[in-house]
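Once you scroll down, you'll see the structures, which are given as structure tokens.
Here come two complexes built around chain A, the first alongside chain B, the second alongside chain C.
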Partner chain A sequence: MRVELKNIHKHFGAVHANNDVTLTVEGGSIHGLLGENGAGKSTLMKVLSGYIHADGGEISLDGKKLKRFNSPADALRHGVGMLHQDPLDFPPMTLLDNFILGCDASLLQPRARAEKEFRELCQQFNFDLDTNAFVSDLTVGERQQLEIIRLLWLGARTLILDEPTTGISAPQKIKLFATLRQLAADGKSVIFVSHKLEDVEDLCHRVTVLRRGQMAGEAKSPFVTERLVQMMFGQQLNIGKRPNVELGAPVIEFDHLTLKDDRLTVPDISLSVRMGEVLALAGLEGSGQQLFLQACAGLLPPSAGQLRLNGIDLTRKPYENFLRAGIAYMPADRMKEGLVPGLSIEEHIVLAKRGKKDALIDWTRTRQTATAQITDFNIKGIPTTRVEALSGGNQQRTLLALLPPDLKLLALEHPTRGLDIESTLYIWGKLLERRKQGAAIIFASADLDEVLQYSDRILVFFGGRVIETVRSSETSVEQLGYLIGGKKQ
Partner chain B sequence: MTGSRNFLSRLSLSLAPLLVALLIAILLLVATGAPPLDTFAKLFTGSFGTSSKQADTFVVWVSLAIVSAGLLITFTAGQWNIGVEGQIMVGSIFATWAARGMWEQSGIVGIPVIILWAMVGGALWALLVAVLKIYGKVNEIFGGLGFNFIATAFNIYLIFGPWKQKTGGTLSGTEIFPEALWMPTLPELRVSPIAIIIALFVLVVIYLSLRGTLWGLQLKAIGKNIRAAFVLGVPTNPLMLSAYAVCGACAGLVGAFLVIIVHHRLIPSISSGYGFLGILIVLLSSFNALWLAPLALFFAAVSIGSTALQLELNIDSSLGGVLQGVLVLVVLLMQGIKEKVISK
Partner chain C sequence: MEFFIAILASILSDSAPIIFASLGETLNERGGVINLSVEGTMLLSAMAGFAVAFTTESLVLGFLAAMIVGAIVASLVAFGSITLKRDQVAVGFILTLVAGDLSSFLGVPFVRVPGPQIESLPIPFLRDIPFIGPVFFERDIITYLSFALIIGMWLWFYKTQPGLQLRGIGERPEASFARGGNVKLMRYIYILLGGALIGFAGAAFSLHVKLGWSHRATAGFGWIALAIVIFGGWDPLKVAFGAYLFGALRASATTLQSSGLEVPVQVFPLLPFPLMILTLVIFNSRGLDRVLNYLPLGARRALTRLLRSNPPAALGTHFEQE
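Entry: the complex of A and B
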């Protein structure tokens, strides 16, 4: 299907998120949509998939003009389906239930027919999905596979994928790309939204680059990386080298620590992390890294074992003891666990302050602090900007600005997930400064390049267990890829 | 200049629902065969026409203003304190309990003790809901509803049991308090200037603490995202308890006033639905403390004025409640529509 978006405009308040964007995707092709965070990619795709209405412009499908779609279901009826970065499915239900949910056939569920066609689609794409399994037991990659066949079954002839390679393993990525190529070969059109140059270069036939809501340019495969980077950022970036730091005394020590939640058990972890050390947690999403980080931060009491910070036993002590001991936790889900939507940057600064706090808030002084932090952390906003109005990268910078000085340990969950290269470099620059000051850093990431580049040591999680501890200087992306897939070489 | 235009557009946005509600009210009146203009005129004269009616309106205003100020705190913390009605009632019970212990005392000693004891009672009753919510994971709406029933039943038990009049238990309530324990009022009127001053004081304190204190900001944070607030280091459980305690204390204060200003004894259903009206007022105010005083006055006027309708136009006085309900529903509906328009 040939998809054309012409002169699309969309405003959010004062922000011109899409400014006269025109995009043509030929049937049977994979079209990349590249741009840093806040460039307007997601807005454009939400217009195309019916989630939001454009303020101006038109959509045409196979030459047929449409004013707009009324809803995602309407878009799907016209053959446009979207896979979101976080799959919009129903974890407590079975795959088959999820599969059938969107079909508006009749009062009775066409279960038998659906099951048959589900299997046929799986076979066609070589997916290994069980109709009776529960979505909550799937990996992100498998949930994407479910969503792809579901959208195809409902008649999608154009598939939009928003940052699909985040949070899936290397083998799953290879499979995903094969699937997308197969779809294009069948005449379907695929729109691949990403900020990862490597993925776009590997997969796409054409690419459109957005910058600050406007078209920055287009290119055809084979791509010239430098030119794409220039279109994305208007400049070239060099990735800095990680400075070496002398490691100090142990900051945090784990002694036969066992962690449990209702889904997963992480048994018997013994290790210590030293001042200035960066420890990375690698593994597929949900393999136990999050539990480990939350235990480090005092948000999850261990079910067995001991946890010491600077020699003091903090096992099963309340969270406030961890805060006082100098631990900070940065969650992956910024708007759910990190920031309070509805409150401004300056209000967050008051809330996050540790130690002695005044009962009355000195707003003049707070505003000065906030203004200084905004400049220091390069946040695009003002002290009274509500955090939900910031882009993802700026929310992450805000979280970073909220970290108190003199921390002993930073526990970070996906510190740069969904951020563009510029923000990622900036955030790591700030984090490594902390490390120079003697803080230890423990972070989880799905990005193996990030893991290798910034860590001293890597714990590899698989199915709740730490299956390997490797030094970053002695491993490679390939080896890690095998390890997180549960294969020891 | 944009500031004033902004203010005007915001004012018109808040007035539009009032006009729609008025229109629906007129339609309702026409449908029930009542003359609309006459009805509104009677509502007004019935609440502000004479000094005694004005006084009655302000007696109700005091209760509504204080209870809605308290509810603003629990709403800010993200809590639906439906149990506020029972907290008022327990305030009245504690006030009566204190009065029974000080039957012979002078007002200077007796009245402050009664008021403070009633506030303690209201706060304790509210803390029960909070403790169930925090440690027992009982939704505060269900907890509050349950404690409302218990408060009503306990009140009836006291009136017909241990605290019954010498002549026997009756629906008219307990023994009348000695006049020394009545809150001083203006001559010939039921309104107490001291109570009005206390109500204004409560409104100002609540407004200022939500605006300029760490406590107020922390309450806002747990109301909007309790998990993130906790991770940022906000002590969520003590804060939640304090929000309920403050709201319960306000409700208890209202309970005390109902006993020592209005009825001079404990009667069944003494809380008179003021707690629920307070919830409607806070919802209408869009959680802005500045709106509470005028909205409480409006609700008080409709409540007092509608009793005049019964007498003079033979319209059932429940019409007042219908008008209040329609207003709240229309305003909430318009807010919903506004949000939908903005988000698209």
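Entry: the complex of A and C
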């Protein structure tokens, strides 16, 4: 089936997630959709599969124009099915229940027929799935397989896969790719969404690159990696030029540190960060940067290794000790983890006060402090403004204003994500002041320009590992782009 | 033997209101909405059902009125929680208070007046089956309906396509939507149906089990129905089992009391609760999973199905399609 998207626009509030995107996918081909996190890939595919309605543009299938699909079910009736990043299935139910749910039977469940056809499809693709098993016991790869045969059973002729290689094992990936090739050979069209260069280069016949909601270009197999990287990350090559600061004694030292949560392991990090140094953590979202930051802040106890702050062993010590040692952590989700919606700026100042607290709040003094901070940090609000009423930039400034004065280490997660340029510059100005006073800064960011411009050193994470440590003065956006995609040159 | 049959029979018919109420609630919660107003709804519909049956001298109209009252209260829950997106627990709790007080206020003229009641209706032929006949088939229409509801709801959940969709909506509404389900509409329908069943339970109370109307007549049975839904793991058969277990414990209390045994009777009605907590703790523990892992695959799956009692994952949440 030939699928065409023409001049698609989609806004989310102020974000222009898809800006005039046009895409053609030929029948019998695998078409890649490549772009960084936040480039607008999922949005575009949700438009194509009927989950969301575009603000403008049109879809045509085999040359037949449609204004839009009303719902995912409507899209599937036209032959377009989508596998979501997080498979949209029902974990507590059996595979057969999952398979049947959504088919067009009106009263009785067609269990016998479905089971037979389920088996046939499994055989056709060489999947090993048991209809009586529970979905909750499957791996992500198997859940994808289930979704694939389900969508095919319901008549999908175009299959969209959103980041299908995140979270599946290497053998499962090989199997998935074989399946997709088989589908394309059968004349189905496959749209493969990914931020991983390697996968796209392996699999796709053509690729469209999105950047910041816009089309950055198209390419045909065989691909030239540099071209793809350029399209993904933009062309400017920015060799960092930072004011040099004398680095002091080590602030934080990691000794064979291993971090784990239920999804990811970050093994064996040894490293020290010195006074006045800025360390950037680059990598795709969820590659381990967050675990690392949380470990620095004392929020995630390491499962092995040691962590020292100013020479004092803080491994597996309570969060309190980290606070007292002069560490501050700013999470990415400002409203969820950083600020308390419903409370005002001055109330936040009371909450954030460290050290000895009085039983009664001295509101006169608090208001003075708040007013001073508001002026100092150029926050557009008054002491009684509730934080949720502030814009993103002002929320971030408020968070900065709440940091205690003599910090040794700032751990920041996406410090400027979603902010306008003016706020970004302002915030970095404030952060670099701290650095001059001798604080070390560790920050994670998806913006490679920001990474290059402000850091001294960069750790590149890929799939939980630190695959490279580079000096910012010796690298470029392009090289970082490669590394982030898991490619060492 | 005679005695035993009599006790079993009374458990079956006395449990009918709780069966209707807890299965009505099961229907709501499977769709993802908690209707916390069961106690109040039962009170109001017990009063309304009795009042209508008393004035019109028609039991059918009495039950119909009760079901309508139940559906009306449920529609308020639905409107508050689905359309206005208020907290389901808060909405249900307020309604239970309001409906309960309303029943006391409106029910004053009917307090302790003798009224109509359901007659027993033995089923020919079936009643002659030894043991089974006298236990199950010498009852009345309400009890038969409660049997039918248990089996019917089980079939609906596990054998029909709309029932499967219902389970999907309570589990993961966004995935149901992706598969063509109209989440809000279906939630509305099932809440109204569940509410009607809870209303029916109220009338079954005042016209069948504890005849007549008096202030606070349902005595907390609505809350018990809510607990039984959890105990039964949202599965019609297990919920029914929980309801009968509760009935059995109450019946033993009465029997023991009349046999002059020195047991504090208050203990028995309370027994189901520690029992429920215990089952919940056991069935949701990791220990159970570990034990199950030693079993062969077939047995493990069968037991998992039998014992697993996870609430519908989307219970109490709002759904907003993009």
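Definition applied: the second predicted complex is superposed on the first by the 247 of 489 C-alpha atoms of A that agree within 3 Å, B and C clash if a C-alpha of one lies under 4 Å from a C-alpha of the other, contacts with A are read in each partner's own complex, and residues count from 1 in each chain.
Keep this in mind: contacts are C-beta pairs under 8 Å (C-beta built on N, C-alpha and C of every residue); 3 or more make two chains touch, one makes a residue touch a chain.
From a predicted model like this one, the values you see are computed outputs, not experimental measurements.
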Which superposed partner A:Y319 touches (first chain B, second chain C, both, neither): first
First, second, both or neither for A:K196, with chain B first and chain C second: neither
Partner chain(s) touched by A:H78 [first = chain B, second = chain C, both, neither]: neither
Touched partner set for A:H31, first chain B, second chain C, both or neither: neither
First (chain B), second (chain C), both or neither touched by A:K46: second
Touched partner set for A:L299, first chain B, second chain C, both or neither: first
Chain B versus chain C as contact partner of A:P331, first or second or both or neither: first
Those residues of chain A which chain B touches in one complex and chain C touches in the other: 52
Contact footprint of chain A on chain B as seen in their complex: 212-215, 217-218, 220-221, 224-225, 227-235, 344
Touch list for chain A against partner chain C, complex: 46, 51-52, 71-73, 76, 88-93, 97, 100-103, 105-109, 132-134
Residues of chain C that touch chain A when the two form their complex: 159-162, 164-165, 167-168, 171-172, 174-181, 301, 304, 308, 310, 313, 322
Residues of chain A defined as touching chain B within the complex: 52-53, 299, 319-320, 323, 329, 331, 335-343, 347-348, 350-352, 354, 357-361, 363, 402
